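To keep things simple, chains are lettered A, B and C as they appear, and every chain counts its residues starting from 1.
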């Protein structure tokens, strides 16, 4: 067992393939960044719609959040990669095909927008209604109230939770390897098969993710702490 | 599309339902294992003295590593080093349990830390042993607060379980992808599977919510405010 | 005697929240420059009435005429509703009416001056420089010019309420509505706010004041309106309402309120 353990923690293989692996990690970062943008934009649209007095709008928003919070990300990813292009092709009459990268960004973005929309809603609701009433009585329009009064305060309150959800999103980018996006896990699998030595690589991957995520979480914790003491969040 | 549904979903209902059963089986056992590991890790972290410095990295590792990475690691690396698990199903159960145990350990920890310390002192004052206090006073209250979150974690396990298809566990996802790969008609099958997972997870979430509301009303608990 | 057109005219205002009817047919006229105090027990509908005037609550039926413009549903003989007022009508009406709230409702992420100039800049589209001059003018009026760059959290309740008054005044409304403006304040802090309100009255501002401060009501108002269970029970000069009210309920209320 000791020999196996030594084999597991041997970084030589990792080092040998470091360029390919880092390129793969870069793919994870790209997809993370792009799907984060998609998720945040959708989250705000849905979160704001959730608070609309119009039942059609708020009902759709509730349904949206429930669907995407309760569907596994992998299932969503596969569905968007395989099924959606076919449906769009039938609908639009043009041949539609998604690249793995695009499907991954849409899939993860939509999946996490469900969770984030709840955070947005909670943040908006945490602002006392009286502030909006005062603004209304002064003649400000609903949109201006959202833009100048509610959102500036709400965003600060949402930040810690949104940051947590972004960390989860980054962890989730590993599954894009399963629809053949050439991220780090994809490369690790390929190399393991080629080299017939999965042990050090999978251990290495686990350790790298562990270190990166823990470091990022710690850094973000102290950041949000600083925000809290400054009264921002 | 209806004929397709019949052809690919209904015709294959047997393997699909078999896959669903595997999913339920894997999720059930990993949930149980996660509860045990999570509670144990939590107690060690809170009361374990020096062993704390083993518990904390364990919890952090479980939470920080993506589930896919853990799955592959347990499946390919553990047999070489530890000699087990010998089956893919075992690997799936262990990996899902590891991931969930990290979150559960933290959930239990905030439950414990939320307990007013006066209760423990009062129990000690009447002469209850440490174990008694834990068993009769603390755990029940932690259980009350933690239950909605624990049920939610089951929902998370079900969501993560979709990935066990990657190590060839014949769960619902695996069976579905197999049919799609065979017949190249993904629409009906994948939509049916998505719906199935949604209904399963949605029901679990609803139960968690109902328990939360019920406990709030009954015991006046809302996570100790 | 010259009949001056009332600046606020309310005819048979009704408001229900679901099955519960809070306002049961209120009619009122307020002349320009008048200070009218609304008194009554909790739940009598005073705040709801005030909030209907600037449409923070939507009236169920009845007519509201502000500065000659009719807003609010009209109950015709067949109970027909007129068209719902457009948001532009409502905005125009709200610019005539300034409101001060019991909870102040200052915006905590803006400075005191920021609070005051926000509406003039957004609604009247004043450039920042002009708006700031205007804002400082009104802050000086409520004696808070020295706090212009502070954030509301640093101010006492009385100071916050005075800022709220300056914020409402900066839009140059024709009428000021006060919704229990001092009810949230500690007794030592109410004086400074009442002082400001007295000054406003002296300067000729039309004011509709929902209040529990009987001293203020008696000394500063031109008229007192006593509301009970959603109806006007008494409407007259302070001397009359306080010393010789016609309604028994009003007499009871006034005597217990004055201790």
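Everything that follows uses one rule, which is that contacts are C-beta pairs under 8 Å (C-beta built on N, C-alpha and C of every residue); 3 or more make two chains touch, one makes a residue touch a chain.
This structure is a prediction, so every number in the text was calculated from the model and none was measured.
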item	value
Identifier of the chain whose CA centre is least distant from the whole-structure CA centre	A
Pair with more cross-chain C-beta pairs in contact, given A-B and A-C	A-B
Between subunit C and subunit B, distance of the C-alpha-averaged centres to the nearest whole Å	57
CA centroid of subunit A to CA centroid of subunit B, Å	21
Computed distance of Cα centres, subunit C from subunit A, in Å	48
Residue ranges of subunit B in contact with subunit A within the complex	60-61, 64-70, 72-73, 76-77, 80-83, 155, 158-163, 166, 173, 177, 180, 186-187, 190-191, 193-194, 197-198, 201-202, 205
Subunit B partner contacts - residues on subunit A that touch it in the complex	1, 4-5, 7-8, 66-67, 69-76, 78-79, 82-83, 86-87, 171-172, 174-175, 177-178, 185, 188-189, 192, 198-199, 202-203, 205-206, 209-210, 213-214, 217
In the complex, subunit A residues that touch subunit C	128, 130-131, 133-141, 144, 148-149, 152-153
Contacting residues of subunit C [partner subunit A, same complex]	54, 56, 87, 91, 94-95, 97-99, 101, 103, 105-109, 118-119, 122-123, 164, 167-168, 171
